Amino acid sequence: MIIVMQLNATDAQINGVVSEIRKAGLKEHISRGSELVIIGAIGDENKLEPAHLEILPGVERATRVTKQYKIVARDSHPAGSIVKVRGIPIGGNQIQIIAGPCSVETQEQMNLSADAVAAAGCRMMRGGAFKPRTSPYAFQGLGVEGLEYFQQAAKRHNLPIVTELMDVRMLDTFMEYDVDVIQIGARNMQNFDLLKEVGRVNKPVILKRGLSATIAEWLMAAEYIAAGGNHNIIFCERGIRTFETTYRNVLDVTAIPVLKRETHLPVIVDPSHSGGKAWMVPALSQAAIAAGADGLLVEMHPNPCDAWCDADQALTPEELKKLTVTLGAIAGAIGRSI
Amino acid sequence: MIIVMQLNATDAQINGVVSEIRKAGLKEHISRGSELVIIGAIGDENKLEPAHLEILPGVERATRVTKQYKIVARDSHPAGSIVKVRGIPIGGNQIQIIAGPCSVETQEQMNLSADAVAAAGCRMMRGGAFKPRTSPYAFQGLGVEGLEYFQQAAKRHNLPIVTELMDVRMLDTFMEYDVDVIQIGARNMQNFDLLKEVGRVNKPVILKRGLSATIAEWLMAAEYIAAGGNHNIIFCERGIRTFETTYRNVLDVTAIPVLKRETHLPVIVDPSHSGGKAWMVPALSQAAIAAGADGLLVEMHPNPCDAWCDADQALTPEELKKLTVTLGAIAGAIGRSI
Amino acid sequence: MIIVMQLNATDAQINGVVSEIRKAGLKEHISRGSELVIIGAIGDENKLEPAHLEILPGVERATRVTKQYKIVARDSHPAGSIVKVRGIPIGGNQIQIIAGPCSVETQEQMNLSADAVAAAGCRMMRGGAFKPRTSPYAFQGLGVEGLEYFQQAAKRHNLPIVTELMDVRMLDTFMEYDVDVIQIGARNMQNFDLLKEVGRVNKPVILKRGLSATIAEWLMAAEYIAAGGNHNIIFCERGIRTFETTYRNVLDVTAIPVLKRETHLPVIVDPSHSGGKAWMVPALSQAAIAAGADGLLVEMHPNPCDAWCDADQALTPEELKKLTVTLGAIAGAIGRSI
Amino acid sequence: MIIVMQLNATDAQINGVVSEIRKAGLKEHISRGSELVIIGAIGDENKLEPAHLEILPGVERATRVTKQYKIVARDSHPAGSIVKVRGIPIGGNQIQIIAGPCSVETQEQMNLSADAVAAAGCRMMRGGAFKPRTSPYAFQGLGVEGLEYFQQAAKRHNLPIVTELMDVRMLDTFMEYDVDVIQIGARNMQNFDLLKEVGRVNKPVILKRGLSATIAEWLMAAEYIAAGGNHNIIFCERGIRTFETTYRNVLDVTAIPVLKRETHLPVIVDPSHSGGKAWMVPALSQAAIAAGADGLLVEMHPNPCDAWCDADQALTPEELKKLTVTLGAIAGAIGRSI
């Protein structure tokens, strides 16, 4: 930890900091500059809280120098990790397009969706049985019945399924229905009890970024899961909240190369929720793959006009098929495949 | 709902919108302007989704005109509501200062805290037994043991207690320990399952604003609670996330008069988490009361230097006492009391 | 304009709005819904200000329906415009990479830069003679001397030059030195007097997006230039300011497809200032081209370690050359060329 | 400057940093921790750029420890400065309310405005002759004619006038018309050439905060003015841009105590532009004074319904008078006067 003292800090104040550092079992290292005194605290930084030093008289600020995430840090696994979902690799050279409807509606809709997902050459399917909705009066998802429809439809093409878990009390049900990948939504990125529970099961987890979560908070949220023993975590960038109101969210493509540097885990992108309109999805998907994303989580509906939610952001089966061709060409341009 | 058509929208496209409006049981009202055609959909707006209209050909955008929150809207209770906590009114002329430590640490620390809260003339006490921490390796709160200490300490001064509920599975325990006010933290503002559950109990709820939640989303989160039957909701502004990095969050004082206009429910402010530093707390507290807040949720610790978390933002007992005097004078200046 | 009345608005209040609409020479169109009355004002919307209607009693809000930008709107030129710089097209099928150092330093540095720009196959060169610096004590650019060096160096390869104009009083000098493209920087996007002046000259203008400018404000800033008669405007996205602090700015790729839809003018991207680090530039450049950008404005320095400003974000000549090859492959994947 | 090395940085990399530090004439101070090596560069920090160190191999990041603003820093004048405008103090115990219309319209409107300003007990008057408007087609202000009307009206009550300077070429005219306080608007906060010019004249300057300017950038913008010799600078917080769309901007009250700590110069608040609605102005004004602001810049119009711009945010003369009474009481509560 580095402690910058205020201009004119007295020796007594410097000694106060030193004694706090020693009390925590660390050693001090004092640099006296022309204007300022800076104190380094050497040793196990987790034994000290910046807040405890910042209230001491004469202290300007205290800053950690080590990162608080350990298991998910790239340093712990420099070569990069591949998360396997029933044998399908996420995080390797091959890029995975996970497609499907926003919400599970009927058995027929799911069957048609699964057909379209498979026809477009995608290897995994998404769909929501439990829906986080801003309004309590909006459709909240079919619940367990939705999981049933989803599994039925996906089985016909042997597609692993990805679906969102909102309530910790439903985790057992997810295990019973053998959900292949558990999705943690943006609004629950810091629902710490939920993170702890999915950290205890042996299932890959897609961790969406919170609407205004920093990269550091997101990595720490993943560390919550990893600390429980489950290291099969996939980050999913889905657009952040900014001042701009012309589109729903701003897809943060910069997060892709930054995360790939900070963590060994795979990074995918949801181009559907970021823009919020189907006509933006191709441009955003192409940008994501070109920037180095390991996959996409994209909304497709057999008939968007009839979709029960987010109708305006779903691709048609034809649009999905066309998009995957372009994405294949872009993947090739950067030495990857789809 | 208002549907603005694109420039040059054809009659067929207009008819397409009209038929969709009628299908939902509403009536259309067409305004043909010099440049644009605008269509009003008259009737129960909840039967129509903007998304469904925005994918129709020729549509520029569709906008709701009615608000989606009903129970919490001021229109439903123009005179304003007072939430009572063991007889203490929140939302009336009297302003309530709820003080106490960030987290419950020991029985002694809680006893000293309760003494200081009472000595400053505050009528309610806060303290966290379950702590949402960014890092899984940080102190997570004492849990149930903390509730025990808290109740013991508060009873000595007959102070109602306010504490945060993070996990839906702990709700029964909160009821057993007779927590007086359940706090929903910023990170859980859109944890919809948690909101639904506290909507079913008969306990006042403090609903903190999410770090980047809009006023509309916050009102809808309260509506989730209200829709379950529990109308004893208190909004708590606690600073929002912006581009500014000099301080932890930006206290959004504008939210105070805006909320007071939009909802009949009380609005309080947490000046401690917004700024993140004890020396900012007096200025922010004064601003909040002057802007019309119905109360404060403020951190105080018998000995901030030893606090187990957020040491740098807790007031000392003396600072709290001094602050309440100034706040009393400001309250008087705007015709209220403390 | 659409005026939504408050719940329970009286007939007198509705009449007040109607009379205001008629006074401005427009006609009213009243829709009485089940809950709300909505009034459409039909005619020339520019004759009415929403603010004037919103202060009338009983009015909830007034919203424009037509866009305020006219010349730059795609509707005015649906096929899209190509801006030519000494015969080089920006906005057509061919993508332009404009490269060069952050600031002009010496004649030798500029000569080496021009050699590298040409060697990488780029057709235009960038470089700053006047630098907007956060600190008054930082290097402010070489000024006119810098323009001299820049022109000398660029001439050897017949490269058109792009450079930033900060002070309206320097415009004549820019014309004398025959600057090919005038760049308006992010901090001056709403320096309206500067916009008006460059609107009167016959030179292409690159208009960078303000750090927190909305798409609508940016389009209106371009309209200021266009209203003066100069329609040769190129939009340049350069990253926006958000809550994220891990990188300097967030490159807003969503702005690319949205602008391409809203305006007929070309859109380029500055990948260097958005991320702020050279190692992020390839990923961001690739994302920009894949999302449909018409070009890039990228920093390259013959020896980044010695650069006088922004040393950490400049590519080396070799990195630039390598990047253009990848960008060529991505351009091919979406049916374009470099 | 503090340089944090990457995990596993080699001795050669550490030596590279050391040699760069010495080349700039500073001395190194190396702390070898359990995990990381940290290097302090001791001496004149302005001789080193973090960017130059961050591109060296093995460097994680380089951070300045000294502040880049000197003249405006509180350290340079710990007691605080009072800026006098024709004898009226800004920054002392007395709080100044500067009121007047958004824009100068007619001689009569200005006369009525001046009467109302004086009647409310305010000692200075504001009004815009040059208006920064988002649209080139909107009213741009009366220009020089407006200065004429403004001076005429203000003289009748001996009120010093405050008005905005947008174009550096108008500075001489401002001096001729003897404008008492030059206002630099939010959009020009980083128009560095304009800042340099007002730094050379002997007139107080109100420097509004940019829409998304950080505190550090704002202080540096003031330093630009101060570096020219003009130290009569008044900071004006006017709301920042965030994700919230219910109101125009978020008044950042936290900036008040923070600025008062960082600089010795006065800090005032514009409650009119932050909220954007007249009904919010009293709450925001009260919050600003309670938080420690040295004054307000508030919009008042003799007849808001007829105002040529921002009609919805101007107070009436009666509302202003009533507000000053409340503000006087709040000032008294915190030991100040109006």
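As written, the chains take the letters A, B, C and D, and residue 1 is the first residue of each chain.
Here is the rule we use: a residue touches a chain if its C-beta (ideal position, glycine included) is under 8 Å from a C-beta of that chain, and two chains touch if they have at least 3 such contacts.
Computed from a prediction, not measured in an experiment: that's the story for all the values here.
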Higher-contact pair (C-beta pairs counted), A-D versus A-C: A-C
Far-end chain from chain C, centres as C-alpha averages: B
Between chain B and chain A, distance of the C-alpha-averaged centres to the nearest whole Å: 26
Whole-Å separation of chain centres (CA-atom averages), chain A against chain D: 38
CA centroid of chain A to CA centroid of chain C, Å: 31
Chain D: positions in contact with at least two other chains: 212, 241-243, 245
Residue ranges of chain B touching chain D (in the complex, touch as defined): 212, 214-216, 239-240, 242-247, 250-258, 261, 274-275, 279-280, 283-284, 286-292, 326, 329-330, 332-334
Chain D residues touching chain C - in the complex, by the definition given at the top: 46, 49, 51-52, 54-56, 68, 132-137, 166-169, 187-188, 190-193, 196, 211-212, 217, 220, 223-224, 227, 241, 277-278, 304-305, 307, 309-313
Residues on chain D engaged by chain A in the complex (per definition of touch): 2, 4, 7, 29, 31-36, 38, 40, 42-44, 63, 65-66, 75, 212, 241-243, 245
